[in-house]
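Each structure below is given as structure tokens.
Both of the next two complexes hold subunit A, though its partner changes from subunit B to subunit C.
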Partner chain A sequence: MPVSQTDTLGRLGQTGWAALRFKDPTFPVWIGAALLLVFLMLFPLGAIFRASLWGDTGLTFSRYLEVFTNEQSLTAIWNTLIISISVGVLAVIIGALLAWLVTRTDLPWKKSIRALVMASFVTPPFLGAFAWTLLAGPNAGALNKLYRAVTGSEEAIFNIFTMPGLIFVMTLYSFPFVFSMIANVCELISSDLEDAAEILGANKWRTAWTVTLPLALPALIGGFILAFLHSLSLFGAPAILGLPAGLHTITTQIWTLFQYPPRLDMAAAFSVPLLLATMVLIVAQKKILGRKGYSTVGGKGGQKRLIRLGWGRVPVLLFVLGILSLSVFLPYWILLKAALSKAWALPLTWDNFTLHNLSFTFFEYGDTQLAIYNTFKLGLITATVGTLLATLIAYITNRNLFRGARYLSFFALAPLVIPGIVLAVGLFIAYTRPPLVLYGTIWILFVAFLTKEMPIGFSQAESTFKSIHPELEDASRIIGANRLTTLKDITAPLARSGLIAAWSFIFIGVIRELSAAILLFAPQSKVVSVVIFDLKEEGQIGVIAVLGILLLLVSFAVIITVQRLAGRDVVATRE
Partner chain B sequence: MKLKFCLFILAICFVSIPLARAQDPQLVQAARKEGKVVWHTSLAIPSSTAISHYFQNKYKGIEVEVHRNGSQRVLQRFMQEATAGLKNADIVHTSDAGHFELLKDKGMLLKFTPQGVAAFPDGFKDKAGFYYGMRATLSVMAHNPKIVAEKDAPQTWKDLLNPKWSGKMVTAHPGYSGIIMTHVLTLVNVYGWDYFRDLAKNKLHIAQSANDPAGVVASGERPVGVNGAEYFYYKTLKQGNPIKIIYPKEGVPLVVSPVAIAKDAPHPNAAKLFTEFIFSKESQQLLADKEGLYTGHPEVTYPADKPKLKDLKLLAADADELEKRNAEIKKRFVEFFGA
Partner chain C sequence: MAIVSIRGLTKKFTDAAAVDDLHLEIADGEFVSLLGPSGCGKTTTLRLIAGFLQPDAGEICVGGGVISSPSHLVPPERRNMSMIFQSYAVWPHMTVAQNVAYGLKFKKLTKQQIDAKVTKLLGVVHLSELKDRYSSELSGGQQQRVALARALVVEPQILLMDEPLSNLDANLREEMRFEIRRLHEEFAITTVYVTHDQAEAMATSDRIAVLDRGQIVQVGRPAEIFDHPKTRFVAEFVGKANILCGRLDGASRMRIAERLEIGVMPNPDLASTTGEAAICLRPHNIVLTAVQSEAETLARQDYNVFSGVVQRRIYFGESADYTIDLAPHPFTLRVVGSPSKLYDKGQRIFALARPEHCVVVSNH
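Now for the complex of A and B:
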């Protein structure tokens, strides 16, 4: 009897999916969300291709020719490739090592280490880059001064205004992406397969090489690509560390094309190689990994044993803290010092102590209030609307609400391959002229951020929905609720913590965004990242330090509050 | 003779004072109604913030919205807004006089002559009456005396070409700063482009704003500045930082920074009032006393430790030439210095 009942329900449910597909009164909502997504993705890209190919006299390839024959552009493309590949490799090494240590060994202080990785993730790369100019400028940098004082040497130990310096800083703020990816996988690999290899006589290295590594390989390659794409699209760090040494990357080059008289057509043409490079990479990832799935990795794995580090626990811990001091402790310390001193390069004595930077930033400087207000307004709105849209889209693709629904996931993930500055070029071209002039308001930034953050919101929502069986929804539908009510009352509450994680990711993404904002802001729609960048160009170090610390504090406050609400650690963990 | 002179003075008083007084209340009232003036400026953040506060204190109820950026960026934003059909900016102020020729040619400026500017030197005045020099500064060299002893310091522009300064110097950027744009043009006119080609061989640290080198030199990150705004070096020096300003004998670029009202200014009366305000003797004296700037106002006095302009050999740039050679200067600078 119970068996046939579930049978009936199941069948009812199935016919329900089919039959109600077009009777559902909320159908326009779903179609609307899908169309909005497709529009968000296609419109800026269309604008870029059009601007790059269309001249006064019709179709022309002259801009592409100019990009690929101009020595400066080629140098910029070359620099970008070297930097991004190096950052990708280094970020995988550091991120994977840390992730492995945190998930598979008996390393102490794991919670604090995760919190510090999260702090690196929240720290905007441009702010980290700025802090590092104060730490490792060849002559006045605090670390170089210390090195000289200790060794008596005349030389600097590290010049941050070089290609290696740039790679170093970009790695510090890219590895958290790899960390969270690998940590998730490591926690799911059970020790069973490793045990089997060892029972069959393989030693530890052979086991690691033939079992663990292949299992983790998809995640490692995925992590490399993520870090590569992240560094490819960064603008602030290369502008702050590269330009003073005469080093251009694609993003800084695109940005200079916006100077008066603007060459939007060239900027568009320059965006296309960046776009193609990222697309090629994604295709390559698919090819390399082939059908190798996560099936042995997926689900709740078997037993997981922690590897004992033995006497190495303390040295390894110190090593890990050493790495995190590069991305968190040292930069935060120098920002605090710069905020409170008259001359940042001198020791912080009573003579050198001042509150002027604070009072100037908060009470005199006109941009502070406006920028903080705009930034957090955009953060809250984008995170909320973004989570909502991502939820709708993920629900459509997951429950396959209409034909072709699964193609939507392609559109939702597409911005992964669209660097922020490229998106901004497209949006700038599209929205600075009638019929729809969004330039000059914060809404052009909203559109940019919403588009840019869609992949992370979508993938969070998607993986959450996968874990929720449609049965409960069917029950709700049978009782008579429409699909939207069902999503709101049944599915979303079940998916709560996943959706709150999506919200947090989008929020963090927005407040640390510079590469799109730098092209799209107007005087009245400044955000903190842009103001800090402007201040950097004028060398207003104390004010930047104060604003940077404020940005970090408010960000942490928002994230901690949201985590409390969610009742779990949403960033960089899966416990 | 004496009587004639007295009558003349008297006449001036009678004519000018009522004129000034008659205009003010109406203008102030109209400006108050608008409540706000939007100032796009390249004047250093502390200085432009200070001036906006002076104005707000004098004319309560009128807010000054300051948008500070490098001269070239100010122009870029102004033009981007114009292209999008936005009318947000009231007043434009950059250190690249060429911008004002460009804007005038495009019909984007409002003709307005503030009181008192007739007495300013010719270099501060547009003959057609669209823009006037609100302030002037020099582009100078500087060094950090804690690191480079005064007897070893470079004294002339050509001294900077010595390889012993390799890796020790900082320059600002003409693609950002109007002061540096003017600097490069005047020195190119004297020494040709070879000078900058050779200078670039000394591996300079490339800053953007003409105000940034002051901080870079003071912190010791690079002990020698090859250019930069003299008023900002001076202010940094006055704050107790180790800076020595060098005024090369072969000539010092003089940079006059004009101000103009936008044709489509959304707050035209507030803009006029603000312009009157910054050209008043009171404000011009403040610029000299507090900000270390030079001005065109004939009655303004300067701090005793600043050199008199008449004692220096000045290199001036022509606004038309600045406009015509803007793209060339940016392009060649990037070619030599890499960014």
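Now for the complex of A and C:
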């Protein structure tokens, strides 16, 4: 054996798991996956920084200067801050309240409530925003018509095309993030702690306020940051609800910079602050949630008893259903009505009923067939490739296959801090020039979705491998199976249900993606979300409703299939 | 021939040496235990032998051929070894029979041959009835038997066991000790067995190697290790021990306090017959009596005599456990006495021990 190779082997042998060897047939697979991941993450980010800093005459900060002195940009930043902070606060209040009610009280119908929260979770915010334009548009909005009919007034009571309207809708689709986070924590807080307070004379409301709430505080702050970040990166809802009122956010501003004449360098410069803000917040969130000293929250959980709501059960239930009707029942109802009626604003009577929207959408309207085909093709390919890559990376980091392997998880999780539209800016700049010209094909969307969905796929795969004891693999190797055979015979079958879940998460994420697709699509590579966004301009309400319902149905079908297969609660496992 | 030679084996994890210059020779067909507290490097040693880890220095040879060294590593699957894991590692997606048959896939065997071997082994470990069950439908002991059958069916040259019984409940553990010894006598496979439980090591092994901080402190037959520990660490780790520190005054006399000098069993491994040392005196080797004349008779037969007061008595049914306060000397002695003659708390008493039971050990 040559000396240089020996040296490398020696170092690899240090890592603590089976020493990897160059004669190991699987070695190129691991290294290849690792390099691909690093490339996927660094290339677009590098492109953004380059485009924002590099002018015709070399290094320049003029774009940053322009961004931060331009009044329009400053207004957009200001709007974004107000909206995101408001959404964060409201989402924490609603999400935490619901989570506490569902986990710690004797509220009835908990399973259905969880399912409905999951439905809000799965609903693409742009679709929710669109539904709310039908519900609370100032002229024809269904709720305003109801108000006029009831009061006889000529006025509109709701106008969704305002900042409060936008905050309202974004809250409806951000609170489920907080909900799943807080619900997990509440389930881990032992009742013993609360009992201790009650023995000392505190009543149950006081206990909730002085014991349960402080224990959940890190999760509350973490939830706020999560909801804040979510609304920061949203494009569809602000574009649908804000733009008609001339209300710009950072994401819509970036989109505007892409319209003719495109100012890519400015878009890049505008993306960097958003990127940095996200990074800082994610780090803060990890710090807050990772702090020790809340060991009771991470323990076995102990015994849990439910707090009795007493006479308040029914009013509380009605309140919860009220919130869920805002995020699920009303929007779904108006979408269904719009899909099945000739004139969506009129009551759904037999005369008004039609299936024309369905046939028009699927067989007559120009863009939809191709868009549906593209969407599901991208969904399938991205989910498959993404699961494969996420699996390989998670396997490398979890089994520490070579030195420095754990740093790969940093790259796999990096897209968490990259808002979709920022990623799209980077990809656009990176892949519109040689050596890799992907723009104009669906492959640039594939790369975008693959990158964007990597964190969810990775964390799912990672937790799957964590649950598979390495000794199960060792047991196979020691009696004669090599690493590849072991992976095929032992690891893969054991990881199956976890990886199917990863696949579905990616698939659902892809088919509802708008914020990256909106910058990267070309006429031949439109996807459903982009078509919905375009149709909004044309006023094709029926077609939008049909496409939206299609997305929802497919998402629910996938989730239900996974829950059958994996037998687990998808909301609880999704981070 | 599966003679295992481990020479100068060293493995470092981020600077700290988990295994530090370890030497051990294992004869063909021998059952050797690596015994030590957690963190002593015993599992690391086993994983080095298995080939899951590569040493930083030293080498492991089997039958004269090097299988592990810093520059050369035969992968685990080509070592002709089997291993039994603490977690059993029974594959949950395969039935008992499939688990056992898996290793035979890699040998050139016909389906009939595989079936015959599996059937035979399942019989040996008393699992024939459960061959179509999955691991989730098995008890801990049954899973352990699956792991044993799976490891033995491939007819390994060397069998490695990593705390195989530590997840079983007490009764089952005792039963499985005998089972493991029985299987060893039936198959006579060279075996390396890692455990922190001295009773387990005693019951199963031909020889025991006691490990401390990555090094072997003493190797020997179970009785040797128990009766003639060389260091205080071995004495305290293997069984209960009274350790009395003192100064050697010649090979067989030790002064352990003012006006308290006793006859001791010399330790040939100690460099000097004078200076600081300690003795190990097992609680069951101490005779108690409250009758002065009896004590004087035994003293004339060279017994060492300690006089004291019963400080505490714990009655166990099959024995009684005493703590004897030797005031004014600053020591107490633990004594395991017969339950047929009980002494009470506060009673004056004589504790007597033969010099050959007062084994000199190095004081660390």
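Methods note: the second predicted complex is superposed on the first by the 493 of 575 C-alpha atoms of A that agree within 3 Å, B and C clash if a C-alpha of one lies under 4 Å from a C-alpha of the other, contacts with A are read in each partner's own complex, and residues count from 1 in each chain.
Throughout what follows, a residue touches a chain if its C-beta (ideal position, glycine included) is under 8 Å from a C-beta of that chain, and two chains touch if they have at least 3 such contacts.
A quick note: this is a predicted structure, and the numbers were derived from the prediction, not measured.
Visitor: In the superposed arrangement, which partner chain does A:369 touch: subunit B (first), subunit C (second), both, or neither?
Guide: So A:369 meets neither subunit B nor subunit C here.
Visitor: Once the shared chain is lined up, is A:151 touching subunit B (first), subunit C (second), both, or neither of them?
Guide: neither
Visitor: Once the structures are superposed on A, label A:437 by its partner contacts, choosing first (subunit B), second (subunit C), both or neither.
Guide: First partner only.
Visitor: State whether A:490 touches subunit B only (first), subunit C only (second), both chains, or neither.
Guide: second
Visitor: Check whether subunit B or subunit C contacts more residues of subunit A in the superposed model.
Guide: Comparing touch counts on subunit A for subunit B and subunit C gives B.
Visitor: Of all the subunit A residues, which ones make contact with subunit B and with subunit C?
Guide: The overlap between the subunit B and subunit C interfaces on subunit A is empty, containing no residue.
Visitor: Going by the contact rule at the top, pick out the subunit A residues touching subunit B in the complex.
Guide: Subunit A reaches subunit B through residues 72, 137-141, 161, 242-248, 252, 256, 258-262, 342-345, 360, 364-367, 432-434, 437, 439-440, 522-524, 534-535, 537-541, 543.
Visitor: Per the contact definition, I'd like the list of subunit B residues that touch subunit A in the complex.
Guide: Subunit B residues touching subunit A: 38, 40, 44-46, 49, 52-53, 64-70, 72-73, 75-77, 79-81, 83-86, 88-89, 167, 175-176, 205-209, 211-216, 218-223, 239-241, 327, 330, 334-335, 337-339.
Visitor: Contact residues on subunit A for subunit C in the complex?
Guide: Residues in contact with subunit C: 1, 6, 9-10, 13-14, 16-19, 21, 24, 469, 471-472, 474-482, 489-490, 493-494.
Visitor: Using the touch rule from the top, collect the residues of subunit C that touch subunit A in their complex.
Guide: 12-13, 50-56, 70-73, 75-79, 81-83, 85-87, 89, 91-93, 102-103, 105-107, 147, 150-151, 154, 156, 160
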